[in-house]
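One structure, as structure tokens, below. Some questions next.
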Amino acid sequence: MLKDITLGQFLPGDSPVHRLDPRAKILLLIAVIVFIFITGNYISLALVGVFIIAVILFTKISLKMYLKSMKMILFIVLFTGLINLFYGKGEPLVQLGIFTITEAGINNAIFVTVRIALLILASSVLTFTTSPTDLTDAVERLLKPLTVFHIKVHEVAMMMTIALRFVPTLLEETDKIMSAQKARGADMDSGNLIKRVKALIPVLIPLFLSAFRRASDLAIAMECRCYQGGSGRTRMKTLHYGKIDAYGAAICLVLLTGVILCNIFLPATVR
Amino acid sequence: MNIIETEDLSFVYGQGTPFEKKANDKLNIQIKEGEFIGIIGHTGSGKSTLVQMLNGLIKPTSGTVKLCGEDIWAAPKEIRKIRFKVGLVFQYPEYQLFEETVEKDIAYGPGNMGLSDEEIQQRVRLAARFAGLKDELLKKSPFDLSGGEKRRAAIAGVIAMDPDVLILDEPTAGLDPSGRDVLLAQIKQYHDERKNTVLLVSHSMEDIARTADRILVMNKGRAAMLEDTQTVFSRGDELEKMGLRVPQVTKVMSRLREMGYNLPSGILTVEQAANELQNLLGKR
Amino acid sequence: MEDFIKVENVSFQYVSDVEDEPTVPVNVLKNISMEIKRGEFVALLGHNGCGKSTMAKLLNAMLLPQQGKVTIDGLDTSDEEKCYDIRKTVGLVLQNPDNQLVASIVEEDVAFGPENLGVDPKEIRIRVDEALKAVDMYEYRTHAPFKLSGGQKQRVAIAGIIAMQPKCLVLDEPTAMLDPKGRDEVIATIKKLNKENGITIVLITHYMDEAVQADRVIVMNDGAVLVQGEPHEVFSQVELLKRHRLDVPQATELMYRLRGRGFFSGVEQAQLPLDSDECVAVIDRIFKQKQAEE
């Protein structure tokens, strides 16, 4: 059951999107997120939307997977949309008790919902097409300039790597401990909230202890393998920007121009 | 009387996904009350799934598990009661210890059963004795015990529920030879005194040979054999094909038998083997 | 053969760091000495708490002797500047394979050691491939470790050390958490590395059937060496080993018992069989001799 979580899952493949340099992918994702939020009217929003859907089709990953990743956060998306519906200023269109719905409210709701949905879809493209190790690698290299400000970029990236490595192990362990305590009659599926939280203690304590034990083992293993932090370290895989990344950047530039033109020459729907 | 009986018991992992895998396939097993059963089989042969189905931790995909003749899933809401009757000790059970004292940890299971404090106390003492834990250890933190003691404290936590069937999954894994011997002797003694049914899952054929009346051999999710210990270990060739072995001394004796020496098959212990060879040498 | 590892009169004690407990130092190692020759395969036996794991950590400068001296290929482990040279020379493999893998992809984990040593990327690639081939895990190089079996994970852990090109491997109960198949895989790998790559092996184990495959067995008890020698010499001392909570292979014990009953007196004590093949051969030979005499 715990193993079924698919958010942030990597789905190996050989599409052009997969082949982009992970650093390029992160930078382009940031760019696209900015585009999503500077869209001012339906046309520019649609433009970004069509672009993201086109990229999704390019990844050759089944649409089902994208919908699945949406499903997990659907509630939050709809909730935020709903709240925005009642917060528009101007002429009320409908009056429901204390709630008033205005045209601006409807526009806001649609924009917020679509924006968050696009944001999730775009992020999913990154996580679906990039292996976790490539991602942490890319983050480490992109943030490297920050070391000037004494930010421990390598250490943070190392922590991410280790966390990624141990997430499945600890999930499996949680399942095992839960089964073991259930075999001793633990009741985790009934009772009120307080009772349920209490029932978790016999799972959480062994889980923490196990995590600490693993951490101390790992520390020894890393020292045995001559780990001395980031300085003097080389990497087996080196990242190179290629032609495909240049194409990616070019396409994004075109998109940016489109969005800006739409914003300038068409009336703004929001703000 | 059969205390445990399974009818076409099957379990499929990830049903309906591309990763679908039959862990257990139409198992029909009968275990009599008071038996000591050894369960062997290589990793992935379905042993773990089977034992978790026997105490209701995993619900079968199809087929039934009967405890004393009654389907354990007849009333799904009452499944916790089955777990008190069929105690399951997982691999490395010391990793589930969590209370401040050994005593409190052993009392966790009986506490979940809703027993009175007196009865819980009584059961804790009894379980500790069965597990060979001295009284002074009961007030200690479980995390201050030695490896072997921790293991036995965790096993006591299941014994304290006083189950009619006790299942142990690899109870000696990772212990040193003396820790292993102490634990096995303790389990054997518990079985003799409490006279309940014990199922021991193990990769160590020597451990199984020393303790089990009958052996269930699992292979590819099916029950390949369920026979008395001697019979199973005299079929060494078949076991080898399933990636299993026989105890070293059994192997030596059956090899000599094949070479024409007049020796019985299925010899399980060094003592037996020494006696048989002595007989043979003495005759001349 | 020259001494590759030299442990001279080493003592080591732990002091309990639990606050409200009286700090009684525990003597783990007591004036212990041992030598391991280049290219040797040594099995280190002893019950839990006899100091084997401490010894393992002393051999690659994870711990330093409080008294005495440990030298690895001429390097004194207490020389702080040489610490990483020593760890590069003597690789340590731990019991739980799950806890010593760092990366989420097999080949990236194997690369971790050489990366730490600052090896050139191209050279790392070559070393990683060679190391994975040496432990027979090359075709799994892009897999995720958590999907592998215990034996496979442990072999990846060994590859991670091999990629640092050590001269010696110290393995602290590498098979304790594995099933019989995994144990066989790991032992076969260790033997191959010893025979083909000439890597010195120190194998700590509880399994006698693994120990009998070594060139030499060292039995530790209570922080000191109890007995050492070739497997035949050591395991023939059945009484001594049993008294110190250790096991002997069943084949050895069988012959030992029969000798005690006045049979097989023709077999030297130090020639007691260690595995089933040897045992069958010895029994058969004795019977045939007896038949011929009659």
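Which chain is which? They are A, B and C, in the order written, and residues in each are numbered from 1.
Throughout what follows, a residue touches a chain if its C-beta (ideal position, glycine included) is under 8 Å from a C-beta of that chain, and two chains touch if they have at least 3 such contacts.
Model, not experiment: these values are computed from the prediction.
Taken together, the touching pairs cover every possible pairing of the chains.
For chain pairs B-C and A-B, the one joined by more C-beta pairs in contact is B-C. One finds 45 Å separating the Cα centroids of chain A and chain B. Look at where the CA atoms of chain B average out and do the same for chain C: the two points lie 30 Å apart.
Those residues of chain C whose C-beta lies close enough to touch chain A in the complex are 57, 60, 62, 84, 87-88, 91-92, 94, 96, 98-105, 107-108, 111-121, 124-125, 128, 144-146, 157, 160-161, 164.
On chain A, the positions that touch chain C within their shared complex are 131-133, 161-162, 164-165, 168-169, 172, 213-214, 217-218, 220-228, 232-238.
Partner chain A is touched in their complex by these residues of chain B: 52, 55, 57, 80, 83-84, 87-90, 93, 95-98, 108-109, 112-113, 143, 157-158, 161. Of all residues in chain C, those touching chain B in their complex are 47-49, 95, 149-150, 176-177, 179-182, 206, 208-209, 245-247, 249-251, 253-254, 257-258, 261, 263, 275-276, 279-280, 283-284, 287, 290-291, 294.
In the complex of the two chains, the chain B residues touching chain C come out as 42-43, 146-148, 173-179, 203, 206, 243-245, 247-249, 251-252, 255-256, 259, 261, 270-271, 273-274, 277-278, 281, 284.
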